[in-house]
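Across the two complexes that follow, chain A remains constant while its partner is chain B and subsequently chain C.
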Partner chain A sequence: MSFLHDPQLGNTAITLMAALVLVLQIAMVAQRWLVTNIRVFGVQSFVLAAIAATIAWFNHANHLYVAALLMLLLKALLLPIVLERLVAKVGIRHSIHPVINVPLSVLISGGLTLLGYVVAESFYHPEETSTAATLGHNMLPIAISLFLIGFFMIVNRRNGLTQVLGLLSMENGLFLAAISLTYGVPLVVELGIFFDVLVGAMVLGILMYRIGETFDSMDVSRLRRLRG
Partner chain B sequence: MMATLAKAALQLLLLLIAAPLLSGFIRTLKARLQMRRGPGILQPLRDVWKLLRKDMVIPETASWIFAATPYVYFSTAMLVGLLVPMIATAAPLRLFGGVLAVIYLLALGRFFMALGALDAGSSFGGLGSSREMTISAIAEPAMMLAIFTVAITANSTDLSEMARVSVSQSWKFLAPSQMLAFSGLFIALLAETGRIPVDNPATHLELTMIHEAMVLEYSGPYLALIEWGASIRQLVLMTLLVNTFFPFGLSANWTPINLIPGLAFYLLKLLLLAGAVVLVETSNAKLRLFRVPELLAVAFILGALALISTFLF
Partner chain C sequence: MILLWLLIVPLLAGPVAFAVRRRAAMEAVNLIAFLIGLCLAGALAFQVLASGPISLFDGFFYADALSSLIVLLTAFVALVCAVYAVGYFRFVEQNTVFPDQPQPDGPAAARKLRKYYSLMPLFVFSMILVALANNLGILWVASEITTLASVFLVTFYARETSLEAAWKYVMIGGVGLSMALFGTILTYYSAHRVLGIDSLAGLNWTMLLGNASVFDKATMRLAFILILLGYGTKAGMAPMHTWKPDAYSEAPVPAAAMLAAGVLNCALYGLVRFYILTSKCLGPEFASQLLIVFGLLSIGVAVPFILVQKSFRRLLAYSSIDHCGIMVLALGFGGPLGILGLFLHMTFHAVTKPLLFFCAGNIQQHLGTDLFRKAKGGLIHAMPWSGAAFLLGMLAVTGTPPFSLFLSEFTILRAAFSGGHYLPGVLFVAFLVVIFSGFILHIGNLVLGADTGLPAPAPCRWKKYSLLGLASLIILLGFWIPGPLFHLIQSAADVVVTGQSALGAPLVKSLVRLQ
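And now, the complex of A and B:
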């Protein structure tokens, strides 16, 4: 089974999965249905967990397995389930109305990817041979684009719940940057970020629920007026 | 010279016969998936044969464009068919610009089709033309970007050269750029051949039709030429897709010993792609016309990302 340790194979697998992560991110921008959006986010987190596990396998970095497992349990399973429950509970209309229309949003995401690439290019020095240690070093442009597109999603959407999704996918970008460049920040920091975002998402979820109850919609643009 | 002619003749024959059969196969498979019996694989060939022997009705308002359109549509499809490697890596014809010639010849056929539909003077024709042009204006750049991705990897826009290079580096197709380009081109293929998320080939419902609205005024041999041409275009686009991205089994030269396994592989790949198209068609509903640009924007971005990622990885 020596081919399972071949860095070339790892490189192919990781670049493929990273491209898939990027495509899923753009799919989230293009997707109009809230529930599908949440599921796409779940799949994206799952692929990220797979990337982390692959890097852990080729570098024998065991602490990355923990990160992958956490990613899988919390962001690929728990969060989508919680968010879907929330959608069912509030019973809001399930389609998203972005500020900018969908084709233009998709084009802007493409532009942001380009920007991510331009920014990351100055850090990128292609190595001649791909060894286990350099695995995933070309992931930085994708991580930056994930971050930018996530940010764009937050700005572009009025629905509070999808803004939470944007925030979470931004965090996915950070995770990708961390695992591909440094093989994970120390585990404690990793755990800190994880639970921070998790708790943040939970709190936001409750907040969204309250907004939904009060205004019969999750449209945050209705929050302008003060109510006594 | 003789050898080139023989190759061209062989490929033309394959195009003429395989294209209606492929349309028939897609129709039958779709019918079976929907628990219907379906008309049988030979039906499009029978249709063409019957239409060729029928009388024509030509609208009084029509000019020469109406009569020229079927010929232009059919012959551009055939010409493009000669430019694309089907069973051997070397296509029988090499034109300037290679893949650019392919895209623009297809566009020329489409342009005449839209003109012919307008020329007939019915309101449906105009409606069909405007829809077709709207869609192709977005589908075409997506197609170009996706194919350029392969062209950059192969360092040539010549399709035969592209096929030769991709045969020599067999596992290259797993690179992200290739996958992205493939998915972009697949969506563009659905749009260009009028398949379900974009257009429904099986309906004459005025609200939704695109291709059918354009050919509404045509009858007899003209209609036969158009339908035949449309199925050849479909075959050519699908060939482009399977042979540039999955070049397995393309025979390196035109000797009979290599051609037979080449043909078998080619048909197998085509049938698999047709199966994928049928799956998409049966599992999706037709999109609202105003939602189509969203789908095509995704195809465009996939193509653009593919192009970016050739420089990235």
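And now, the complex of A and C:
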């Protein structure tokens, strides 16, 4: 079973999974159904957890297993379940109406991916050829793209819940950057970040619920009484 | 140990206030906790001044003069807000009709008071954690907790507009802080690829500072841009300031004052820590130019909104954007003078801003509106204390001599001209003059004028004492800065100036003679 310790294989597997994460992100932009969007987000988080575990395995970075486990439990399982229940509770299942239509949105996401590569290229060091450097070089553009596309999702959508999904997928981009560039941040920081993500999602959920009750809609573009 | 107590006291006060339920007991818990907090912060400042930086748990917590200044200001603002809050919320309990409760003084009001008194200590705890964390990741986590702890303070009144304000606050704050986290990760990366430092201490500021000159420069550049946008959003720097007027005008007044005079400092503190690393790594020019542009933009954006403002609560929010811009600008001018100006300004602003919020709160509670249009003017006849204090605070906050903000703004201006930043210096003065005229027009119209026959409000000791205490402190600071306080501000500036230069000579003391 020596191939299980071959760093080359690890790099290939990780790069493939990261590409899948990017595809899922663009699928979220294109997807018009709220519940499907939440599930795509869950799958994306699951793949990220797998990436973290793979990196931990091939680089003997044991504390990354903790990050992978937290990712799996919180973002791949708990948050999608909570968000779906919230959708059921408020009783809104209809589709999302993006500001920009779907084909153009996907095109813009493609452009943002390109931008991610351009930005990441500016600090590429071709003289470094260690596996860690290659890994960082492959992952950073994807992380930046996830971040930018997540931001675009927030701007592009009127439904509050999908804005939350946009924010959470931006954080997924950060997670990818952290695990691939530096094999994760120090464990205590990792725990703090997950705590914040969890509490933040709960806070946004409660707020969303109250907005849904008060306005009979999760359409946050109706929130525009405060001006000037 | 003092660092630990500073954190434990507010952290415990939250659950205790939640458990005691009775209003008087909750008020007492808050007041006592913040009083202890202020004493501890003072003790910490003296200890740091006497014997240098202290740290705890292998440098997990760390306090130098810069952190102790922020802790001291936060603890001070927390205490004055707690004193004012007693009067403010007693009025709310008796007079306010909430959407989910038909008449005043019912269970909904009690529930909301309980929420306020248990969330406020946690909010203060997170701000103190920002200042005491050595690890830049924990600094980020604590900044995020400040947002999460204060969201439900913004939704206190449960109006449709408060939900809107809270939504903007969390979403814009969340996006901003995720940029800050990206910046933190990239900083870690730029250190990591050179040093290979790992494990627990890898993100510690003290550790990073020692090696900042060999960081990867290209990565650090991107990291600083993200940090500036991230913590800038949290501080309410233009163009990411749009949450600020909404949150400040919807939150109950003590919470709004805490946001304006507490969170602002903490966010700028995060920015300053990274500024030190960046300018040590890249030289000061790169960061300076960005800071000057964003600082001027913030002041400039505030100008038209202050001139045409319809509501006095929102006017204060734009003033806060303006002051955020001034502090960012001061950091951009840099040099011993600019940094000293920054911390002087931060201190004086933290003393002055709560007074304005308290006056605005008194007037809003008495009139039931925060619109200039509905307040007919001549308030000084019905509310002599609040009216006079509002005028005084207005003059102080716009930097009129002899008040202390004039001193700090003048120091910043000197830094601009001595550093050769002529155009930004001139624009800075021009913006300030226009803002001054806008303020004097609005507040003058509101407070002065003929008596409209408005009845005087019911007297409230808590409100009056917090107003008088702050007002006399502002007048006092205009003429005399206590020696130890000035020493603390100077040492905080020294942390920045010596940190960013490789030489490490304390330049501030030799160059600046203010008194």
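Structure notes:
Here, the second predicted complex is superposed on the first by the 211 of 228 C-alpha atoms of A that agree within 3 Å, B and C clash if a C-alpha of one lies under 4 Å from a C-alpha of the other, contacts with A are read in each partner's own complex, and residues count from 1 in each chain.
Just so it is clear, a residue touches a chain if its C-beta (ideal position, glycine included) is under 8 Å from a C-beta of that chain, and two chains touch if they have at least 3 such contacts.
Predicted, not measured: the structure shown is a model, and the values here were computed from it.
The superposed arrangement places chain B and chain C next to each other on chain A without a clash. Looking at the shared chain after the overlay, A:F151 reaches chain C, while chain B stays out of its contact range. Across the overlaid pair of complexes, the angle with its corner at the CA centre of chain A and arms to chain B and chain C is 150°, in steps of 10.
After overlaying the two complexes on the shared chain, residue contacts for A:P186 are found with chain C alone; chain B is out of touch. Looking at the superposition, the partner that touches the larger set of chain A residues, chain B or chain C, turns out to be C. Figure legend note: chain B and chain C, brought together by superposition on chain A, show a least Cα distance of 19 Å. Taken together, the two complexes place no residue of chain A in contact with both chain B and chain C. Chain C meets chain A in the complex at residues 135, 137-138, 140-141, 144-145, 147-148, 151-152, 155, 158, 160-161, 163-168, 170-171, 174-175, 178, 181-182, 184-186, 188-189, 192-193, 198-203, 216, 218-219, 222, 245-246, 249-250, 305, 308-310, 314. Within the complex, the chain B residues that touch chain A are 171, 174-177, 179-180, 183, 293-294, 296-298, 300-302, 304-305, 308-309, 311-313.
Chain A makes touch with chain C in their complex at residues 119, 122-123, 133, 136, 147, 151, 154, 160, 163, 167, 170-171, 174, 177-178, 181-183, 185-189, 192-193, 195-196, 199-200, 203-204, 207, 210-211, 214-215, 220, 223-226, 228. For chain A in complex with chain B, the touching residues are 12, 15-16, 18-20, 22-23, 26-27, 30, 102-103, 106-107, 109-110, 113-114, 117, 138, 141.
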